[in-house]
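The following pair of complexes shares a single chain, chain A, combined with chain B in the former and chain C in the latter.
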Partner chain A sequence: MLNQLTKSVGRVVRAAAIAAVIGGGIAAASAQDITGACATFPGPIYTKWGEQYKATGAGALNYQAVGSGAGVTQIINRTVDFGASDTPVASERLASNNLLQFPAVIGAVVVVVNIPGVDGANLKLNGAVIADIYQGRIRMWNAKEIKDLNPGVTLPAVAIAPAYRADSSGTTNIFTSYLASVSLPFQTNVGAGNSVPWKTGVGAPGNAGVAAAVKNTKGGIGYVEYAYATENGMQAPMLENRAKKFVKPTVAGFNAAASQANWNNAPNMAASMLNMSGDTTWPIVSATYVLVPKNPSDPVRAANVLKFFDWAFKSGGPAADQLHYIALPKAVQDQVRKKWTTISANGQPVWK
Partner chain B sequence: METTAAKSLIGTRKPHLGDTTFHISLYVAGAIVVVVLASILLIMFLGGRQAFETFGVGFIWSTEWNAVTSIYGALPAITGTLITALLAICIAWPIGFGIAFFLTEICPRALRAPLGIAIELLAAIPSIVYGMWGFFVLAPFMAETVQPWLTEVFAWIPPLGDSFFWFSAPPLGVGLMTASLVLAVMILPFIAATTRDVMLSTPQLLKDGAYAMGATRWETLTGVVIPAVRGSLFGAVFLGLGRALGETMAVVFVIGNATRMPDSLYAPSASIASVVANNFPEAETGSIQLAALLGLGFILFVVSFGVLALARLLLRQERMA
Partner chain C sequence: MRTLSPAVKARYFRRQAADLIMSGLCIVAAIIGIIMLALILWMLFSKGLTGLSLDVFTKSMSSTGTGGGLANAIVGSLIQVGIGSMIGAPLGMMVGVYLSEVGKTSPFASVVRFVNDILLSAPSVLIGLFVYQIAVSPFGGFSGIAGALALALLAMPVVARTTEDILRLVPQAYRDGAIALGSRENEVVRKVILPAAFGGILTGILLAVARIAGETAPLIFTSLGNSNWSTDLTKPMASLPIAIYRYAGSPSADLVQLAWTGALLITVGVLLLNVVSRVSLAAVKRGQS
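Our next item is the complex of A and B:
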């Protein structure tokens, strides 16, 4: 009964979204249009790609950044043409709902700080210290653990005010997965997930909310997508990577992580990019995933979705760069295209 | 002399189509309220049943809300909801009452209308705007000025048990106190406007009588106006309380969204409505998390219902006494 209820709610939401799109003066739905319900993490890049794709004369992308959970639910109910999730969906769930999963774009999470009198961009932190900060074990910026990482830097006796995402989000999942992988206490006490039982700190809504909370609070620390940190001119400290090197968040560092990932052997193409080896590698990098039905009821729309992502792989690189995302490596793109050939409607392959 | 047309009207009463339709439609209108109320309650309960079955009474009393291990206890959210709503009422009631008395008795006639409109406009501001104002203006002010000062002033109050420190907490800016202040501003116009209307309904004759006997304004207020409208004054407060309990968007911005038990009046916390709003989009269909969220909704419904019922009970005793 509840399933039914949620389904109808989904339908209403979708109808409302479509109504809003039409009301907003954007072109009414045509046969080429596709709809997607997705995670918020890749929201900016999908929107940008959608605009550029439409400018090429192809169909419009009606995209709702509703969150990973809702994105998965809606594609399972088939109320949208594709769904998206920031975290790979479990293999059994993909199989039981006949879904194909592929990575679409790669993004990075950075830590941001606001410490009076300290240049945050040159501060050095590592995963263990951040994990302790978020468990309330390190409470002051002049704590010994932080001083040890930053010899020669005068750290003030200011209380640390950690901020996290109040809404359940893929960004939190990536960040907590990283912390859980480098800190055993964090894994046992807090764990990794879209929303976790934080031991200390305040929750602010959205990337923008966390960014503002850090800016507003003396001694604040938070985590946001790289794009938000650069857009808001925030100070993102260096992090220690697996090679014990302190690295600044740069697109080159994100690319290094993407190239290290083991794409060939990952089930459902869910390759981990957290804490990869390499001297320049940024440690908190992750892909965001797209979900499409393996047995679409409408082969034309299904093909349109694949055409859109094919276009995005070929021509979406500059937009990704501009918004500080990382396009998939060429080899991975080809692997994804190969996966697409397994999609078929009425016995006919959708992608040729 | 009677006409045939008039004759047919006398003595018999034919059912009139318009009349019957009106009669039935009134019953339908009345029934809709009951049906909607009952079905919301039922659907919330059915949706949350899985949570109540899994965690039992612990769902209400447990302090752990952990989406990673799928253990859900509602107590932190219930605590946050009740504390913020009650604090908001404590702040807004005296001010709202003062505004109402000022408007009805003391305010110069020329100022009455503009002030009244200003208060009503305060009620028209969307809650998201209050939330953003709270987050960007009030929270930094609280963190830098109010909280350090209050912490110092109330430092002598001993903690409650070994975990609740009243006014000592790191100045984060957002938390129970900030949320209560924002809620107080939000419910103020409701309380002020309702109280004003109630006070205006006091018969002028009674007030004139009091003044004629040499009563001061204060004596008139406490001796005549308040006793005359006491019941309705409570109504105004509970209207505000009802709104404070369920307010969502503004609270999400300023409460700090921490689903753990608060250890101070400044501590970040969460309300039932904010927990649901934050987690609902990511809750998967059929999951225990969704059940827990719907169960929270059910609890909020029952709490609000309980508050209103209590108000009614108090009012009845008031009238009987």
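Our next item is the complex of A and C:
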């Protein structure tokens, strides 16, 4: 009995070993694959692009949404082919780590709410009120400040439950930069950055985590990239823009902001699109950035990354529209391609 | 019948009551444990079964809206757990044999035992970070083999511990008898001790496999995860725990569904391993008696 069992197990182990060797032999076919550690803000569009790119047969994108902070760290450690961050990385840090930064696509941050009995999509909010909510100064949905913005709307006496990003996040940076620009108290008490000392609320990981937290909390409020709001069927209130008009989050509104970006004078192509003028302009819009090594050790893999984004610039527009992202203007795309020519491996340019 | 003094009676009843209360508490604790497991299984089956389809096994992970499955994650998990076990189990067995048969109570064996126990209780995320430093950073990329290495490091101490414990259960008379018949020390271990303890060692290995199959933290830092089909050990590799980790918090309902289905697959797999290990152990025991 014992002997039989020993023998049969031995046979299984041998079969498994052989299978593993064969499996290893079949592998290694997918040399075109590229790996990115990325912000979650552009997650939906990068994943979609990756899928369409794979369908063209050019190669596959392995996109792992880890948050902006981690995305930058991994490309600095050179453990991935590209990193992505919604926060432009400072020039000195780019230089000291030999990184090239370029914008890939433009998206918008919206506020999402979950207020029982209230149509959140038609609620009106402004930067000052949101800043006060996130500082714990406005605690109830029927507070005077919110009522004043929404005459005629019956607001329930429900406590406000703010949610914020627990990880180091570019979305947080975009959102807090906007709040700090419209609220002096917020700027002094909380400030802008990838992670800030929030005065109230609960933390959740990733855009998806914040969306889930708001969805599951009565009286919840949070901030996410617009695709997360639409795909999750969440209510995004109107915001007051610089022209003192209340606007709904629409692609037209995002476009109005994106079209005003001053790309030519922006260092490292980090052009601001926050709180732009215009009656229809959505106030919280930003580009998201890709980081690649300037001196890649593997020129083929580096070229594959550039090929992917070149394809995305050329053919990724429809997918961007579908997910409510804004493709980069053509002139900016050409500017980015020109920057790619500065990348070289062993003295040879990677992008020709 | 002898009459008991009131003092003795009172003590008797007090002891009876204490016994009743303590066994009651134990039973309640056991029931709570079983209910927890039942609730977890119920939740997994009710939420995971609806998403179970052929696509889960035949298609790779995909972004929302176009469906997709877990084929790459399942295969990735099998490869990494398989290689991890193939490295970790023999190493662990050898350590166990050394501790029980060779080193015994020597100072060096005590140190090895102590270090092994520390490894056993080390947070798995630390193992992941360690492998990240030695096998990811220097080689310029996350890889399936790094993931397998991290899992091997987790399996090794478990196997070492159980092997040592099981070998100690083998009666000393077996060793004495074998030596009396003229066996060398290595023959005693190979031909007598190991076969006698085989069932227990196998159980230990299967338990170690079950443990590493569900590990997420060490894989995040080593094999990263892969949204595409890949069996290349030098590239990032998908795995079920990471797929669950990434999908569970997703805003898309079908990805959350896939996470539930993946969780069901892991749980059923681990449960089956546990059952198989127990049944095989029982069979071996029957064969011996």
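Rule of thumb we're sticking to: the second predicted complex is superposed on the first by the 323 of 352 C-alpha atoms of A that agree within 3 Å, B and C clash if a C-alpha of one lies under 4 Å from a C-alpha of the other, contacts with A are read in each partner's own complex, and residues count from 1 in each chain.
Criterion: contacts are C-beta pairs under 8 Å (C-beta built on N, C-alpha and C of every residue); 3 or more make two chains touch, one makes a residue touch a chain.
Keep in mind the model is a prediction, meaning the values are calculated, not measured.
Novice: What is the contact status of A:Gly69 with respect to chain B (first) and chain C (second): first, second, both, or neither?
Specialist: first
Novice: In the overlay, answer first, second, both or neither for which of chain B and chain C A:Gly136 touches.
Specialist: In the superposition, A:Gly136 touches no partner, neither chain B nor chain C.
Novice: Which of the two partners, first being chain B and second being chain C, lies in contact with A:Pro205: first, second, both, or neither?
Specialist: A:Pro205: touches chain B and chain C.
Novice: Does chain B (first) or chain C (second) touch A:Gly278, or do both, or does neither?
Specialist: Neither partner.
Novice: Once the shared chain is lined up, is A:Pro185 touching chain B (first), chain C (second), both, or neither of them?
Specialist: neither
Novice: For A:Pro329, is the partner it touches chain B (first), chain C (second), both, or none of the two (neither)?
Specialist: Neither partner.
Novice: With the two complexes superposed on chain A, say which partner A:Asn232 touches: chain B (first), chain C (second), both, or neither.
Specialist: second
Novice: Contact-wise, after the overlay, does A:Pro44 reach chain B, chain C, both or neither (first, second, both, neither)?
Specialist: The second partner, chain C, only.
Novice: For chain A, which residues lie in the overlap of the chain B contacts and the chain C contacts?
Specialist: On chain A, the residues that contact chain B in one structure and chain C in the other are 1-3, 5-6, 77, 205, 209, 212.
Novice: Please give the residue numbers of chain B that touch chain A in the complex, ascending.
Specialist: Checking each residue of chain B against chain A gives 43, 46-47, 64-69, 135-136, 139-140, 143-144, 170, 172-175, 252-253, 256-260, 268, 270, 274, 278-279, 281-286, 290.
Novice: Once bound in the complex, which stretches of chain C touch chain A?
Specialist: 62-64, 66, 79, 82-83, 86, 136-137, 140-142, 195, 198-199, 202, 224-236, 246, 249-252, 280, 283-284, 286-288
Novice: Which part of chain A faces chain B closely enough to touch in the complex?
Specialist: Per the touch definition, chain A meets chain B at residues 1-3, 5-6, 66-70, 72-73, 76-77, 159, 161, 166-169, 190-199, 201-205, 209, 212-213, 216-218.
Novice: What part of chain A is in contact with chain C in the complex they form?
Specialist: For this pair, the touching residues of chain A are 1-3, 5-6, 9, 16-17, 20, 23-24, 26-30, 33, 35, 37, 44, 47-48, 50-51, 54, 60-65, 77-80, 205-209, 211-212, 228, 231-232, 297-298.
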